[in-house]
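Each structure below appears as C-alpha cells.
Paired with chain B in one complex and with chain C in the other, chain A is shared by the two complexes that follow.
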Partner chain A sequence: MLPKYNTSVKKVDNEEKMSGMAIFTGDIRMDDALFAIPVRSTISYGKILKINVPGLPKGYYFVSAKDIVKENVCNIIASDWPVFADKETHYKGETIGLIVGPDKKIAIDLATMVHAEYEEYEPVYEMKNSYVHKEFNKGNPGLFKNATKVFSESFETGYQEQIYLEPQGMLMWLEDKKIVIKASMQCPFYIKNAVVRTLGCKPEKVRVIQPAVGGAFGGKEHYPSLMAAQLATAIVKIKKPIKMIFDRKEDITFTTKRHPSKTEISAYMDKNDNIIGVKIHVGIDGGAYVGCSMVVLARALIACTNTYTFDNVAVTGDAYCTNKVPSAAFRGFGSPQSIYAMEMFINHLADFLHVKPLELRNKYLVKTGDITSTNGIFRDKIILKELMDKAMEMSDYKRKLEEYSKPGSYRGIGMSTFLHGCGFTGSGESTIINAQLRIKKDKNGIVTFYTSQVDFGQGNKTTLKRIVVDTLGIPEDHVIYDAPDTDETLSTGPTAASRTIIIVGGLAAKAAQHLKEIWKDGEEQEIVEPYVGPSYIKWDDDTMQGDAYPGYAWGVNIVEVSVDPITYEVTIEHCWSTYDVGHAIDERILIGQADGGLAQALGWAYLEKEVMENGVFKQKTLSDYVIPTMVDLPQMETAIIDNPFPYGAFGAKGAGELTFAGGAPAFCLAVEQAINRKIHKIPATPEYIMELIENGD
Partner chain B sequence: MIRHFVPASLEEALRIINKNNCYIMSGGTDLMVQKHVSTGLLPNFDRSVLYVMGLKELDYIKNESDGSVSIGATTRFVDIEKSELVPEIYKKVIREIASPNIRNMATMTGNIANASPAGDSIVPLVLNDAYVVLSSLNGERKVPVKDFVLGVRKTDRKNEEIITKIVLLPQNLKYFYRKVGSRKAESITKVSFLGAYRIENNIIKDFRVAFGSVSIKVVRNLEVENKYKNIKASELNIDEVIKDYSPLVTPITDQRSNKEYRHKVAMNLLRKFLEEIKGGQNE
Partner chain C sequence: MEIKFKLNGVETCVDVNPSMRLLDVIRDICHLTGTKEGCGEGECGACTVLVNDEPYNSCLTPIININNKEVITIEGFRETKAYRVIADAFAEMGGSQCGFCTPGMILASYAVLKKNPHPTEEEIRIALSGNLCRCTGYQAIVNAVLLASEKGIKL
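Entry: the complex of A and B
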C-alpha cells in the first residue's frame, strides 16, 4: 500500500541543523591535528623542473609526489588525475604538495615560500583538443541529404560553481591501525577506494565516517577523493591527525565546477516541413584531467534530444582537454547543458518554420513506447502532455504568451519540458555499483539498516527511513538509520545520479519487505539485500546503444519575466512547475528539491558568471560570483502528478537533478519574448541582453 | 610593532593617532574582509589599528542651528536609515547597501573612508555638497566629500586625523536614484545614478547629476550643471546634456561588468531623469 500521497513528516535532522547543534567537519575538535596547506602550481602547463622547499621548522613537513606510497593516481573513474602533480603540471592551482604543520599561519607562510621551477609549455584554454569522443546514430542519418531545408544553431553554457553552504573539508587520523576519515562528502566509498588505491592498502585499513554535510550538488562527489589521497599520503609519512579545510575563496578557485559547453544542432526538413532528422554535436570543457568527463559527456549526449522523438538522429560529442581546473559533477551531470540547447533550438526552429512552438513541440513530443535516441524504449507510462497542460493552466500561459507578444511589453513567458534519466547509465547499477543493503533486527524488534547514502540537506535521511518504517509498519522510533560509516555499511553506491530514492529506496523497501516476511519476535535477524535491476535494461557503453537508464522522471517549467529597458535587468516575476517523479514519498521534501533546483538553474541562466582568464577564474568571492538571493527569486508554484514507477520504492523515481534541467531554457525563452531577440548563450546577463537589444541577434 | 588601541574617548583616540599610523576601524565590514587570511586566524594588519566603534560621543545624529544635520562618525547605517532627521534620499540609498546585517555594523563614515568607486553612500553626499569634519590634536578641518575622496582607496585624511562627523546640508530638490547591481540585494554596484532638480515657474533653478561606479570617484561636474540652470525645463535639450556627460563617464571592465554596459546604462538613466524633468512640465 502506498503511504498517503503528499503527506509530509518533520525531517529527522531538522532540530540539529536549525539549532546549530549539528557537527560539521570544520567543527570537529581534535587538538593535536595538524593543518595541511596545499602548495599550488603557478603556471597553466609545463614541466616541473625542481621544487625548492624552504628550511622547515621542527614539526613541519612538505609532502609531495615523492612521498606517494603506491600509485600517484586519484581514483576518479578515468585515473588520469594525479594525487600530486609530479613531472608536469596541467592547470594553474594544481596541488604539487602540502605543507603540514601545527600552526596554520606558519604553514600558510611556508606554503608561499615553496617555489617550483618550471619549463613552460603553451597552454590551451579553448575547446579544441578532444580527449573523449563519442558518437551514435538512430535510424538512418543518410536520409539527411534529402532535406529541402536545413536549420542550424549553436548554444553555449558557462561554468557554474556549486556554492554549497559548507566548503570542502576533511579530517583524517589513525585509530587501531586504521586510517579514519571524516569529511564533507557525497560518496564515502569513493573516498575509501581512493585511499586504498593510492596507498595500495587493504580496504579494511580505511574507514570513512560521515559527519553533518552542508550541501554538495555534485561538488563533493569526486573532489574529496583527491583530498583524501593527498592527506593519506601525508598521514603515512607523519602519523598524526591532519585536517584540510578550504576557505570559500580557495574552494571557488580550485575545486571542480559544472562543464562549460557548446552544442551545435541542425534540423533537416522535407518539403512539407516535417523533420527528417537532427544532427547534434555536444562539446564540453573537461579541464586538465578527464576525471568523470566521459560519463558527463555520455549523459549530455543521451539527453540531447530531450523530450522529443526524431526518427533519424546523428549524435557526436567531445570532451575537450584544456589547461584549466578540471570540470566534474554538478546536478544534472551534463544533461542540463544539452537539454538547454534542444529546448532553445526547438523554439527557434518553430520560428524558422513559421509555426507555433507549442505546435512543433507537440508534434515530436515523446510518447510511451517511443524509441530513445540510443535505440532503447520509453517503456513506462509518459504523462508529459498532462504535465504541460497542468503547467499551462496554472500559469495562464496561452493568454500571457499572446499578450506579451505585443512590441514593447518587455514581458515574456517561457516554457521548457525536460526529462532526467535516474540512476547510473545503462546497466551500471547492476554491473558497476552492485549495491547491497544490510538490515538487521535485534531481540526487542529494533530494526537498524545501513546505506552509504549521505544526507547533505536533500532529506534522504528522512525519506529512506520512512520507506523502511512504512514497509515494516512499525513505529518510527523502532527504526535506527544513522549516517554512513564504511565499517558498518556495505556499499549502496554513491549519493549521486538521482539514484538514492529510485535505486537505494527501492532496495530498502525490498529489504524491509523480506525482513517483514521472515519476521520472528524475540530473535536477532539480518538480511543483506542485493540490487537486482530490471532484466530488460540492456546497454552497450562502447556503442552507446540500448536502454540508457532504468527509469525517467519528467518535468515542465514555466517562467515569467519582465525586462527593464533602461538597465537591461531581468526580474523573474513568477515560476510554475509540474513534475512526474513517479510517486512523491514526502511532498515537502520534494518541494524543497523543486524550489532549490529551479533557483540554482535560474542562477546558472542569468546571474552566475564565472569567467576564466589565462587559467584563473576572475570571480573568486561570493560578492563577485553572485547567486540568487531570496529577493531575486519569485513565488514558485509546483504541482506533482502521480505516476507510480514499478521499480522504485512505493513508485518513486529520482527528483534531485530533474528540478535543475528546465530552468535555464524557460528563463531564456521568456527573456527572448520580452526583448524580441534570440538568445544563444547563458548566463544571459544584463550586459549580454544590452548587446542583443542594441545590435540584434 | 602592530598595536591594537581601544580608546575610551575621542581625546584619547586623537592622542593615539597623533603618534601612531593606524587603520581606523569602526564597523569593520570592509577592513575585516580586506585583511582576512584564513578561517581561525587573526586578520593580517600591516599597521596598528585604532578601534573607534566604542566611542559613544561619536554615535549621534543631530540638527545643528544652521539647519544642517550632523552624523557622528561611529553612527551605523541602521540608525541613519531610521532617523527622522536624515533626508529621505540618503535612506533610499542606504536601504540598497549590502544586507541588513552589514548595515547593523557598517558606518557611513567608513563607507567614505574606504573610498571604493562602488561606495554607494558617497554618491548622495557628493551630490548634496555634504562635508566631513576631520579632527586632530591641532584642531578641526572641513572637507567636502567631493574633495575628500581622491581615488581608489585614497582620501585626503592625514595620518594624525580622524573623521569625526559628516555634515548634511538641507536641500530643496527632487531626486531620481537608481542603483544597478548584479542582483536585487546584497550586491556591489555596477553603476549608480543620482539626479536632482528644482523647478520654479517652469525654470530649472537647480540641476545636479552624479554617477557612481563609473570612474575612480563619483562623477559630478559643476560646469555642466550650471549650463542647464536657469533655462526653461521645456527647452532642456536631452541629447545635448547626454553629449556633455558622455565623455565624463569613464567606466572600466572588471569581474562584475563591462565598460560598454556601464556607460550605456549610465546614459540611459540620465535620459530617463531628463525626461522626468521635461515631463514634469506637463503635470
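Entry: the complex of A and C
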C-alpha cells in the first residue's frame, strides 16, 4: 500500500531538481574562472622549514600563508584552525597552499611539484591528549560509594563520512568591488564571517549567494568557511574569478567527519537493585584542531543519559587532540555517540540485574517535570510511552522478541528510544545567534521574506514558506521566498542544530503574524522581527548547568534483522519508527527526514567503515567506503504522533537530527539477539560479528 | 578525433580525444549540466544517461563508445510523457530531496519500468541499487517507481 500524505503540499523545488534545471555550484558557467588546487602537507605533525615551489608558467600562482591579508585564522568557533598551515602542520593533508591557474590539469600537475621540507615530530593518533574537558554532576555522586553492585561497560563508535552526493565546491569572483561567493554550503553567514575575518575587510564587501546544494548533513557547516578563507586570500592576490570543486576522493580524504568516540558508563545499584546513579565519561576524537569539537562534546554529554532519569549523575568528557583530519559537524553533533552507548548499556544492565530490558527502561523513563542531567527541567508534555507502545504494536515487537530468543533463530529485534534537544545549546539562540527576520509587502500585497536558511534537501524552502502563507492566510503565489543572499537577508543563523523549523519557523510565523496585524492594503510595509527565546531558558556554559535546549523531540526505532550463520552478513528485514516532533508542518517532508536519518544511522551501525592508518584514511572512494544502497535497506514504516510544542511554529519542533539518533542501538540490539552476544562497538561488520561468535562474548 | 552521435534527438559532432568521458562531453562541451558527477568511478549513478535507451554511467563511458549512438540526458528526457509520469510520482512520494541524484535516478527508473512495467518492490531495489541517494533512505523512491508503474509510463 502506497502512503497518502494528508498534510503535504507540492515541494517548491521539485520540478527544477527533477528536470535537471537546478543549478548547483559545479554547474555555474564562468569560462574565465581559474581553478584552485590545494597543496597538502605530506606529514602528520612537524615544523614546515621551507616550501619549494617550481617555476610557474605565466598565469599560474602559488598562494600560501605568506599571502594572508589580515589573520591566518579560519573563523570556526575555537578559531585555532589556520587558513594555510604556516610554521607547523598538524595533520596529513592540511592545506599549505593553493596552485591557481587556467588549466585544471596543469594546475594539478604543478601542485604535485610543490615540495615542502619538514622537521617531523612524533604524531599522536590515539585519544590521549585532551584539549577540551568538561564535567558536571546532578544530585550527589558521593552516594555511589553506598552501592552494593556496580556494572561498567565501554562502547566505541567509528568515523563516519557525510557522503552528501554533491562534493564540496566553491566559486568566487569580484563584482562592484565586492567579493561574491556561491558555494555548496549550509551557513552563508559563516562563510561571510570567515572571509571578513581573514581579510579584515568590512562585512559589506562580502556577498554570499546560495545555489542549489546537493546534501550537507553537517559536512558543509564549517569546511566551506576554510575554503572561502583560502579562496579569498587568492582572489585578493590574483583578482580573477576562482573555483575550487573537490572530486569524491579529495572530499572523503580531507574534509571533516563524524567524531569517533569512546563512552564509559558505570551504574551503581543499592541492595534492592535500584540504580543509585550513573557515572559517564565520553571521549571524542577531535583531530588536529578544536574547531567546533567543544560544542560537539557538550551535546554528547548533555544527551548521555538519553531518555532516562537517574537521581545522581556524574558526567565527564574530553575532546582529544590527534594528528588527524579535524572532526566536525554531522547530523546529531555528538549526541548519537552517547545515546548509542546509553541504549546499549541499559539493555546490558538489565541482563546483569536479571530483569527484562523493557521493565528496566520503563522504570527510569523520562517523565514530564523530571530534572535533566544538567539540572534543567523537562517541561513539555512527554509522550514517550505512547511512542513506544505504538512502535511495538506496529512491529509486533513483543511476540517477535519472544520468538527470536529461541537459540539458533539467527533473527533478532531491537528497540531504541531517544531524544534530541532542538536549537543551539542553552541560551545560545538569544545570546550568540540573535536571529532577525525581514519580511516586507509591496503595494500589490505581494509578501517577500528572507532567511539565511539553506535548503540542502530537508524541504525547508517549502515548509518555511508554508508557515508564512498559512499565517497570513493569503494565496501561495503571493509569497516570495528565495534561497539566501547575504545582501538581501539578515542573519537568521546557521542551517544546523535542528533549529530551522523550531527557531526560524517560529520567528517567521511571528513576523507574518505581526505583518498581518498592521496590514494596510496598497501600502509598502516592512518588519524586522528579532528572536526572543522563552524566558525560562537559563543556562551556564561554564558549569553546564540549566536548561540545555528550548525543547526536545522524541523518537522510537525498532529494527528487525536476520544474520547469515555462515557468512555473518546481516540483513535488515524491516524498520518501524514513531516520532514526536511536536506538530509536523508537512508530513511527506517529515517522513523523508525520518527515512533518510534512519538510513544514515544504519549505515553508521554496520556498513560504513573508515579506518585511519598513520594519519591517512584507508577508504578514499565510494568503492571502499560503502554507504547503504537500495538493496541494503528494508521497508521503513513511520508513525507521527501529534504533540504540539507551544514555542514552535504551529507547534513544530526540530526533526532533522532526531531521526539519526536511534538507528545504531536498535540495529545492534537486534543483532545481539540474533547471535546471542553483546556488541560494544560499531560498525558491527561481519568480521566483528564473527569475532564475537568465535570468541564467546 | 571526430565523434558523431545523437544528443537528445540532435545530430551532434565533437572533435575530442576519443578517451574523453561522455560525462565531460555532455557537461563541458555541450553545456548540459543536468547530468551530475557524484563519484567519477561508476558507484553513485548521478551521471546516469540513456544510450540507445539503456542506462549508462557517463563517467565510465569513453566518448568513442558513443560513436553513431543515441544519447538521452535529463534535458531530453524531460520533454517526454514518460518523464511527466515518473516526475509526478517522485513528487507525490517525496522521492527527491537535495536533488543531486534525482536526474540520474529518474532516468534509471525509466529504464527499470521500460524493461519491467510492473516490478515488485524487491525488483525495483535490485534494479536501482547502482544509484545512490543519501537523503531519502530510498523508501520514497521505491514508492515513486511503484506509483509510476501503477500509472503506466505510456511509452
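In the analysis below, the second predicted complex is superposed on the first by the 691 of 697 C-alpha atoms of A that agree within 3 Å, B and C clash if a C-alpha of one lies under 4 Å from a C-alpha of the other, contacts with A are read in each partner's own complex, and residues count from 1 in each chain.
The working rule: a contact is a pair of C-beta atoms (placed from the backbone, for glycine too) under 8 Å apart; a residue touches a chain by one contact, two chains touch by 3 or more.
Bear in mind the structure is a predicted one, so any value in this text is a computation, not a measurement.
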Looking at A:445 after the superposition, I want to know if it touches chain B, chain C, both of them or none. Which is it: first, second, both, neither? neither
Under the stated touch criterion, which partner chain does A:644 make contact with: chain B (first), chain C (second), both, or neither? neither
Tell me which partner A:108 touches in the superposition: chain B (first), chain C (second), both or neither. first
Chain B versus chain C as contact partner of A:141, first or second or both or neither: neither
In the overlaid three-chain picture, which partner chain does A:611 touch, first (chain B) or second (chain C), both, or neither? first
Scan A:598 for contacts with chain B and chain C and give back first, second, both or neither. second
If touched residues of chain A are counted for chain B and for chain C, the larger one: C
Now for A:631: first (chain B), second (chain C), both, or neither, which partner does it touch? both
Answer with first, second, both or neither: which of chain B and chain C does A:19 touch in the superposed model? second
First (chain B), second (chain C), both or neither touched by A:458: second
Doubly contacted chain A residues - partners chain C and chain B: 26, 247, 623, 628-631
Contacts from chain B onto chain A in the complex sit at residues 37-42, 178, 180, 182-188, 255-258, 260-261, 264-265, 268-269, 272
Taking the complex as given, what residues does chain A use to touch chain B? 26, 104-105, 108, 245, 247, 566-569, 571, 607, 611, 618-619, 623-624, 626, 628-632, 686-687, 690-691, 694
Can you tell me which positions in chain C touch chain A when the two form their complex? 27, 31-41, 43-44, 46, 73-75, 78, 83, 87, 90-91, 93-94, 96-103, 106, 121, 124-126, 128-143, 146-147, 150
Residue numbers on chain A that touch chain C, as the complex places them: 2-3, 5, 8, 10-11, 13-24, 26-27, 29, 162-167, 212-217, 247-249, 456-459, 588-589, 591-592, 594-600, 621-623, 627-631, 633, 635-636
